[in-house]
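Each of the next two complexes has subunit A plus one more chain, namely subunit B in the first and subunit C in the second.
Right, the complex of A and B next:
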């Protein structure tokens, strides 16, 4: 019989301790970010989808070597280049110019190996994270076009 | 009005828990043959999130396989990547700078605490208490913020590279980690007072779902499940890897074999992980974070390689059979929860269904890691 009452005593005591903790938490400041109204800054290393980087003239730094394409585990980068004649010091030289850079973000796993494998610093992560859509096409990015839009 | 259904005394019925059931924490299906509220026989059905991770390992180069590893167990992803990089580094003979190994140990332990915190919250929620989940997530958020600042991702980190790391840690991270340790210790005390002593919690776990050490051996259970059954086995101690021999930490072992023992093991492990982080931050040497001599494309010599690491859920093993090519000939992942889960069928025979669900929570199942 003594065990019965001590169980009730210690049982209720443990519940009161718990309630005391939750009661104290009740008066602590709110830590939740009210998302659509408040946002937090993404950290500097945040890995979003990739974005082409422009040089001083506003042209993409990319030389279309295709290292990112080969490094990508998911095969979501496809790029193409055209050879253009340019004049350097009076001589006509052929140069590869990037003509297409498509990112299929539906497949991307954001591992960052494309950026790491780029020897020219031509791609970087964007800090965009509000990417929600009901259409698949919204995630097929034409990075060359996006770069032009940013330049304009 | 029809007459109420009368069951014969010996009649049983089949209860289907899952594949979409909150108690299974994912897409696990359990077929239970029930006699009233008692389980006669249970059968776990797997494969709802099978994504062919092993086969993908055979089709991708070793570096390309890195992001896959964090998608096995999304709560403690770094431990799995650690196993893979260690296996490949040992096979290819790449020497990792000391600083990189220390940072790996620190981040893995942080990730282990985050994983246990989430398990703690979800487990108590399974038993009907909601507030602890919120407190645990608040603490876990601090770890995720720290890891995000370093790795660039919150959950599916792809941080380790063969020969080192993707990024070095900065002073902010070290400061944040140092601030986090006392905060977490205070929280652990709070959890102890809030949950461990709670009479409802104890009555639901004490002496419930005994898993003997023999059963653990039979099914190959490792990690907190085995340590809650009195098996003193921790890969970090028994088969030391990385810089773990340099750290002083204990392996919590409980001999009660019940659900409460498994709970206590994980709660104690968090404290031990904090100790490792503390020592790691203190000893963190300066230097490079990437090996100097590293082949550009990694081709492993012909052979058979195995590396086991202690993840938050137990011993994770990766076996790579190489035929000298850029990708593995065969890649086998030995995932801890796969073995831990198979206890369930045998252990829950004759158990009440609510006890069985509490038992399932104490196993800490992460379904994508079981199905791979």
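Right, the complex of A and C next:
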């Protein structure tokens, strides 16, 4: 019989403690991010799809050596270059210039081999994560065009 | 004749409007309250503070098709949601909101409200049976056994209050408690020192009668999909939902009238209907607070609480009150 009343007493007490906790939580500020209106900053090591890095003039740093293409285990990078004549110190020199840099993100496993193999720091992971689409073609990125769009 | 008919129609329209508005905005309050407790904002997109959410939810529910499952008992399936909502609205008729505001004051108001409240269990049983769905049947069996077992302590505590007042008239019960908060039934009086405990028992029972967490065994989502309204969509579901919230308002009103002095002001100032509304909304806020604090009980825990704790204590209080009334 003593256990009966102590059960009721301690049971009610624990219920009141629980209600006290929710009462305190009620007045604390909310912690959720209102996603479409607010976004959180991606952490430094977040891996989105790769992106070309521009130099000071807004041109890609890439020298079209193709190391990234060769390093990619999934074969999702394809790049091309053209040689153009440029004038340096009064002499005409031939220089390889990147003409095409396509990423097939449908195959990419975000391993990061391309970024590690780049000797010029010309590619890096983007912080892009809003990539939902119903069409496969939307994940074939033309990185040169994206770079121009960022410059614009 | 025409005037009385008009009066009846106006009263019914007001009762339905009050029930529907409460149901809609209590859902909003519940969602906002739950969200605050869980430290998120809740519905906040539609309108200021998400206040347009309830009408939009209503439009969404009304534009959906009412599906009747193939094997279902059509008549019971259609009757059940109406039966959940109609008694709840009917109960509003007898509730006096203030000395002058009552659709129809009856001498047996307490009895009428309990009679209508017990029809809610039938609606749940019909819904579960008519759906021809195992989950629904199990849920409705649970809900009915719960409603039956919690009606007993609820009625016993109500009888205790009725004995002290000597009337079943809700208005008379409220009037008997007027004149400051120390006259309220919740405070230990000469009639019975156990009245605060009776109040808690009544409050727990009204939680259980409305099938709300932590006593929502009838719609235990984790085990029984959605319980007795698994097969309901559209306004069928909407009516169950509105009925539940209307029942919450009635439970809070009844608790207020029986224990918290009805529309009586605690300090004898500004008498009026707002004290009644303030009290019922405070009680409803507690309902919501409790719902989002406690996890669901088991069916055994639920029945044990009623049969082993609430019923003996309320019976003891009944006998004590009867004895004290006889002595003094």
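Criterion: the second predicted complex is superposed on the first by the 112 of 152 C-alpha atoms of A that agree within 3 Å, B and C clash if a C-alpha of one lies under 4 Å from a C-alpha of the other, contacts with A are read in each partner's own complex, and residues count from 1 in each chain.
By our rule, a residue touches a chain if its C-beta (ideal position, glycine included) is under 8 Å from a C-beta of that chain, and two chains touch if they have at least 3 such contacts.
Quantities reported herein were computed from a predicted structural model and do not represent experimental measurements.
Of the two partner chains, subunit B and subunit C are each touched by A:31. Within the superposed three-chain model, A:131 lies out of touch with both subunit B and subunit C [touch as defined at top]. With both complexes placed on chain A, subunit A has more residues touched by B than by the other of subunit B and subunit C.
By the touch criterion stated above, A:45 is placed in contact with subunit B alone, subunit C being left untouched. Once chain A of one complex is fitted onto chain A of the other, the partner contacts of A:23 are limited to subunit C, with no touch recorded for subunit B. When the two structures are aligned on the shared chain, A:86 is found in touch with neither subunit B nor subunit C.
By the touch criterion stated above, A:14 is placed in contact with subunit B alone, subunit C being left untouched. Once the two complexes are overlaid on the shared chain, A:116 sits against subunit B while remaining clear of subunit C. Where the contact sets of subunit A with subunit B and with subunit C meet, they give residues 15, 18, 21-22, 25, 31.
Those residues of subunit C that touch subunit A in the shared complex are 33, 35-41, 44, 289-290, 292-294, 309. Interface of subunit A with subunit C (complex): residues 8, 15, 18-19, 21-23, 25-32, 34. Against subunit B, the residues of subunit A that register as touching in their complex are 7, 10-12, 14-15, 17-18, 21-22, 25, 31, 43-47, 71-73, 109-113, 116, 125. Contacts from subunit B toward subunit A in the complex involve residues 60, 63-68, 71, 131, 135, 138, 141, 145, 148-153, 156, 158, 161, 166-167, 190, 193-195, 197-200.
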